[in-house]
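Mind looking over this structure? Questions follow.
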Amino acid sequence: MAIPLFLILVGYAAGVLLPLCFPARPRIQNLIAHGLAAVATMGGIYLGMVGLLAPDPLAMSVSSTLPLLTFAVRLDALSSFFLLMISLVGLAASIYAVGYVTEWYGRISIGLLGSLYNAFLLSMTLVVLADNGFFFLIAWELMSLFSYFLVVTEHEKSDVRYAGLFYLIMTHIGTAFIILTFLLLFQGSGSFSFDAFRDPGHPLPDNMRTMAFVLALIGFGTKAGIVPLHVWLPYAHPAAPSHISALMSGVMIKTAIYALLRVYFDFFGGHFPWWWGFVVLLIGAVSALLGVMYALMEHDLKSLLAYHSVENIGIILLGIGAGMIFHSYDLDELAALGLIAGLYHTINHAVFKALLFFGAGSLLYATHTRNMEEYGGLLRRMPWTGGCFLIGAVSIAALPPTNGFVSEWLVFQSLFLSYQMPSLLMKFMLPLAAAMLALTGVLALTCFAKAFGISFLALPRSSHARHAEEVPWPMRVGMGVLSAVCIALGLAPMLVIPFLDHVSTSLIGRSIADKMLALDGWALAPVNVEFSSLSSPVLGFLLVATVALGLALVVCYGGTSPRRYSKTWACGLNLTSRMEYSATGFVQPIKRVFSTIYQPTVKLETEFLEESRYFAKRRRFEFHIEPLFQTYFYDPLIAFVSGLADRMRIVQAGSLHLYLAYIFVTLVVLLMVAL
Amino acid sequence: MIKDQSIPQAIALTLAQAIVLLAVSPAIVGLIKKVKARFQCRQGAGILQPYADLKKLFRKQPVVSTTTSWIFTATPYIVFASTVTAGLLVPIFVSQMPLNFAGNIIAFVYLLALGTFFLILAGLDAGSPFGGMGSSREAIVASLTEPAMIMAIFAIALTAGSTNLSTIVHRTALLEGIVTDPSPHLMALAAVFIVALAETGRVPVDNPATHLELTMIHEAMVLEYSGRYLALLEWASAIKLLVFLTLIANVFAPWGIATSFTPMALSIGLAVYLVKVAGLGLLIGTIECMFAKLRLFRITDLLGVAFILALLGLLFFYILRS
Amino acid sequence: MSWLTPHIGTQIVDFGSAMLLLTCFAIVAQRRLSACVDLFALQSLFLAMTAALVAFLTDTPHIYIAAALTVVVKVIVIPRVLKGVIERLNVTRELVMKVNVPASLLICGALVMIAFFITQPIIPFGHLLTRDSLAIALAIVLIGFFTMISRQKAVTQLIAFLMMENGLFLGATAATYGMPLIVELGVFFDVLVAALIAGIYTNRLQDAFDSVDTTRLSELKE
C-alpha cells in the first residue's frame, strides 16, 4: 500500500508545483496540471480497488514533532470506497477540464487554477485516508480553503465574491462544530488517533454522546448540505468553474457522508438509541423534498443542479437513517440493506451529478450564459452534449435501466421492510418517508424533463443558443466516460453489491451479500427473494426487445412510408421561439399546488397603448419565492448575533488609556488569583 | 419461480402474455367508447373500430415538424417499449409469471414513469405551446399520483407479504397467509382505482376525447404526432389502460386465475380475465359519463383523497386486528 | 346464523367503522353542500347498521331503539331540513376555505393517527367485539371538530357538529355497548332541537348579512 500511496501523493504534489513553473504558457500549464491529476487519480482508483479487495485494513503512520498530531493513514473498506469514488470522478473531471479551461486562456492564470485543482484533489484524498483527528481536521480545512479559492476563480464578478464569502463562513461554522465533536471524543479516549476513538478508555456518558451526535450532525451536515444548512450550496456551486462544481457537488459533499458514517458506526461502535437514526431519516426526508422543490423553481442550470445535490444527500441520509434505526433494533440484515442502499446512491449520485455538471459546463462554454430561458434547440447543434445530459437526466430521475433507479429501488425496499419492526411509531413513519421519497422522485423527473426539454429541444431562444457549437473533444470524452459508468452501474448492480457489502460489513459486522443476490446473481433480492426482486439486465434486455417488437409491428403493418417534414402549426403564424413554453411557465402548476411552501409573490405590470386599454404595449411579469430559511431561520439568527456584537462594541471605546487600563486590571487580578 | 418452469415454457408464456396485451387492449378502448356512446343515446362506433384505426394510422405517411429532434421520433418506440415491459410484469391469466424475478411493483411504476418522461420531452420538442401545456399539466398530475400509488402498494404488500406482483396474486388467489380483514384492501383498492384513472387519462382527470386547449393533457402531448408514430402511441396508451385494469382485477380479486399450468386452467384463466377487464371497462365507461372533468387545480383534491385512502389502508392494517 | 361467528362479526363491525371513517373523509373533501348532506345521511345509515349488528351480536336490545332513532332523525329528518335550508338560501358550495382540501385531508389523516395512538393503551381492556371502533370513534370526533373550525358556511359547521355526535354514539356503542336509553333519547332530542335552531339561525344570518358566512358574525360588534 505504501508505494501506490506515495506515488499518488507525489503525483498530486507535482501537479501542485509544476504548473506554476511555466508562466504565460497556458497550454502547457493546462496539460501538465490535468495530466498529472489524471495519473494520480488513476493511482487512486487502483489503490481504492486494492483496499476494497483486501480483507483487512491497511495502515501506515509517520509521526510529527507536534504533540497529538501523527500523519496516520488507514485504508479500510469505507476509506477505499470513498477514495475510489473521488478518484473516478476526479479522473473524468481532469479529462474534461483539459478542454474546459481553454475558455480562460489569457484571462486568468491557468497554472494557478491547475495547481489549486490538484491541491483540492489531494486534500480530499487525505480526508478519507486520515487516521488521526488532527490530521483529519487539517485535511478538511485544506479542502475547504482550496475549494474556496477555486470557487472565486472569477473574482472580478461581485456575485462570485459574495458566493465565495458565504461558502467560507458556512464551512467554517461547520468546521467549528466538527472540532467540538473531536474534542468530545478526545475527552473519552485521551488521544486524537482514530484507533483511540474506536476503543475509548473512558466511554462517554450518554448525554455527552448525544451532544457529540448533534455536533457531528451539524458540523458535517453543513458540508453535506442538509436542510437548513444548505443555503450556501446554490450560491457556491454555480459560481465555481464547472469541473470544480462537479467535484464539489459530486464528491466533496460526500466526504461529509464518509465522516458521518465514520463517527456513528466506527467510533460509536454502532451503539446508539433509535432516535438518532430517526432524526437522520427525518432530516433526509425533509432535505430531499425541499431540495427538489426549490430546484424546480430555478432557471440557472447550475443552481438547479446544486439544489438537486441537497435532494440526493437527503436520499442518501434516508438510506443511512433507515440503516441506523434497524441497527438500533438489532435487525442487522435490514440495517446492512439500508447502508448498502445509501452507499450505492452515494456513488451513483457522484457519477451522474458530475456528468450533469459537465453538461451544464459545456452549455455554458458554448453559449456563455447560465440562464435556461436563453437556451433551446441545442440538441441539434450539440448532439454529444445533449445525449450525455439525457443519460444523466434519466439517471437522476431514477428511471430504469439506469443506476439512479437501482439505488432508489434499494432505498424503497429498506423503507418497506420496516413492517418487521417492533415499534409502532417506526412502522408508520418509515412508509410515510417512502411516500415523501416517491414525491421527491417524481418531482425530480419533472425538474429534469424541464431542464433537458427547455435547454435542448424546440427552437433556440436567444442568439447565444443559435450560434452554439459542439464542445472540444476532451469535454466530450469526460462526459462520455461518466455516461458509460452510469449505464454500467445500472445494468450490472450484481458486480457492485459485493463491494458495498464489504463496506457495510466493516461498519455493522453482518454480511448480506449472499442474501442480496438471487438466481446466480442475475437478480437483486434484498434479504428475502419472496418479498421483492429486481433484475436490471433483464429489464434492460426487455426494453430493447420491445423496441424491436415495436419496429417489427410497424414494418408488419405497412408503416414504411418515408416521413414528410413540415412546420409546426402555430395558428397560422410563423413559429418563433416566443411561442414555446418557457421554464417559468412549465413549473407554474407546481408553484400553485405547492404554494404553501413557496409562498410566491407575483407582480404584473402592463403598459397599454394610448389609443385603447384593450391592447397592451408592454407587460412585465415578476415572481418571487419566499426564501423560507433565510427569512425565518438565518435572518433572526444573524440579527441576534449582530445585536450581541453591537452591545459588545462598548468595550472597544478607542481610547488608549482604556486599553492600558484593561491590561493593567487583568494583570493585577491574575497576580492576586495566583496567590 | 423460474426454477419451476423450463426456459421454453417461460418464453412461450411471456410471448403469450405480450400477445394478449397487444390484442385485447384496442378492444377495451373500443368497449369504453361504445359504453359512453350508448349512454349518450347514440349507436357509436363498433367495439372493433380501434383496430381499424390502428391499421389505418400505420399505413399513413407521418408528418414530422422541422423543429423537432430525434427525441420526437424515438419517443413512440420508447413509450411503447416501457408500457409493454411494464405489462409483462403483471400476471394476466397465469399467476406464476416467469418474469416475476425481474421486477416488483416499484419497478412497474418506474417503468411507466420512463414512458411519461419521454412523452413530456416529446411534448416540448415541437415548440408549440399546446405541447408544452400538456407536458406541464402531465407533470403535475404525475407528481401527485406517485405518493398515493406507493402508499397503496405498501398497504397491498403488507397484506400479501410481498411486493412481487406474481407472488401477491398467487398468494391471494390461494388465500394463503392473507390477513382476512377487508378494510385495508378496500382502501387500497379505492386509492389504486383513482390513481388508475389519473394515470390513464380518463375523466374526471383528463378527457381522452377532447382537443380543446383548456381541457387536454395527454392529447396535447401527442398532438403533433401522425402516422405510424401516432399508431404506436395510441396502442401504448391502450396497453397502459389494460395493464392498470389488469392490476386492479388481478391484485384485488384474482380468483379464477390459473395457478397451475394445465391447459384447462389456462383457458379458464384467460376467459375469467377477459370477463373481469370487460367489467372494469364498463365501470370506467359509466364513470366517464357520470362525472365531469375536474379543473386542473381540483385534481389535487382528488389525488389527495387517493393518498389519504392509501394511508388509511396502511393504518387499518396495523390497527384493525382481531 | 351459525356462520356469524364472533370473529366474522368483529370483522363486519370493523368494516362498518371503516366505512364511517371513509365518509368522514369524503365530507372533508367535498365542496358542494348538498353532497355533504347526502354523505352525512349515508354515514348515519352505516352507523345505524353497525349499531344494529352490535345489538344483534351482543344481545342488547336497547341499541336497536337507538339505531332506529338514528335512522329516523339523522338519515331522514335532519337531511331534509338541511336540504331545505340550502335550497331556500341558494348556497351551494364552499368557495373560500381557510385550509385547502389537500391540507385538511392531511391534517385529518394525522388526527386519525393521533386517535389511534391515544387509544392504544385502552384497547386491551375493551370488549372483544368493538375495541377497534373506539379509536375510530375518537378519530371521527376529532375530525368533526377540525371541520367545524376550518369551514365557513353555517350548514357545513352544523354537519360537522352532527358528525361529532355520530362519533360519540359509535364510541359509546364500542366502549360500553351503548349508553342507558334515557341518555340516548335525551341526546337525540337535543340534536334535533339544535338542528332546527341552526336552521332558523341560518335564516336570520341570511336576513342580516345576505350571506351564511359565519365569519361575518364578527361584524356584529361594530
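Which chain is which? They are A, B and C, in the order written, and residues in each are numbered from 1.
FYI, contacts are C-beta pairs under 8 Å (C-beta built on N, C-alpha and C of every residue); 3 or more make two chains touch, one makes a residue touch a chain.
From a predicted model like this one, the values you see are computed outputs, not experimental measurements.
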**Item:** Between A-B and B-C, the pair with more C-beta contacts
**Value:** A-B
**Prompt:** By mean C-alpha coordinates, which chain is most distant from chain A?
**Reply:** C
**Message:** How many angstrom lie between the centres of chain A and chain C, each centre taken as the mean Cα position?
**Reply:** 50
**Message:** I'd like to verify one number: the distance from the centre of chain A to the centre of chain B, where each centre is the average of its C-alpha atoms, in whole angstrom.
**Reply:** 36
**Complete:** Residue numbers in chain C touching two or more further chains are 113
**Contacts with two or more other chains, residues of chain A listed in rising order** = 424, 428
**Message:** Give me the residue numbers in chain B that touch at least two other chains, ranges are fine.
**Reply:** 300, 307, 311, 315
**Item:** List of chain B residues in touch with chain A within their complex
**Value:** 2, 18, 22, 54-55, 58-71, 73, 76-78, 80-82, 84-85, 88, 99-104, 106-107, 110-111, 113-114, 116-117, 120-121, 124-129, 131-133, 135-137, 139-140, 142-144, 146-147, 149-151, 154, 157-158, 161-164, 167, 224, 227-228, 231-232, 296-297, 300, 307, 311, 314-315, 318
**Message:** Applying the document's contact rule, which stretches of chain A touch chain C when the two form their complex?
**Reply:** 424, 428, 596
**Item:** chain C residues within the chain A interface of the complex
**Value:** 103, 113, 117, 120
**Item:** Residue ranges of chain B touching chain C (in the complex, touch as defined)
**Value:** 180-183, 186-187, 300-301, 304-305, 307-309, 311-312, 315-316, 319-322
**For the chain A and chain B complex, residues of the former touching the latter** = 377, 379-380, 386, 394, 397-400, 405, 409, 412-413, 416, 419, 424, 427-428, 431-432, 434-439, 441-443, 445-446, 449-450, 452-454, 456-459, 518-519, 522-523, 525, 529-535, 538-539, 542-544, 546-547, 549-551, 553-554, 557-559, 561-570, 575, 577, 579-581, 585-590, 592-593
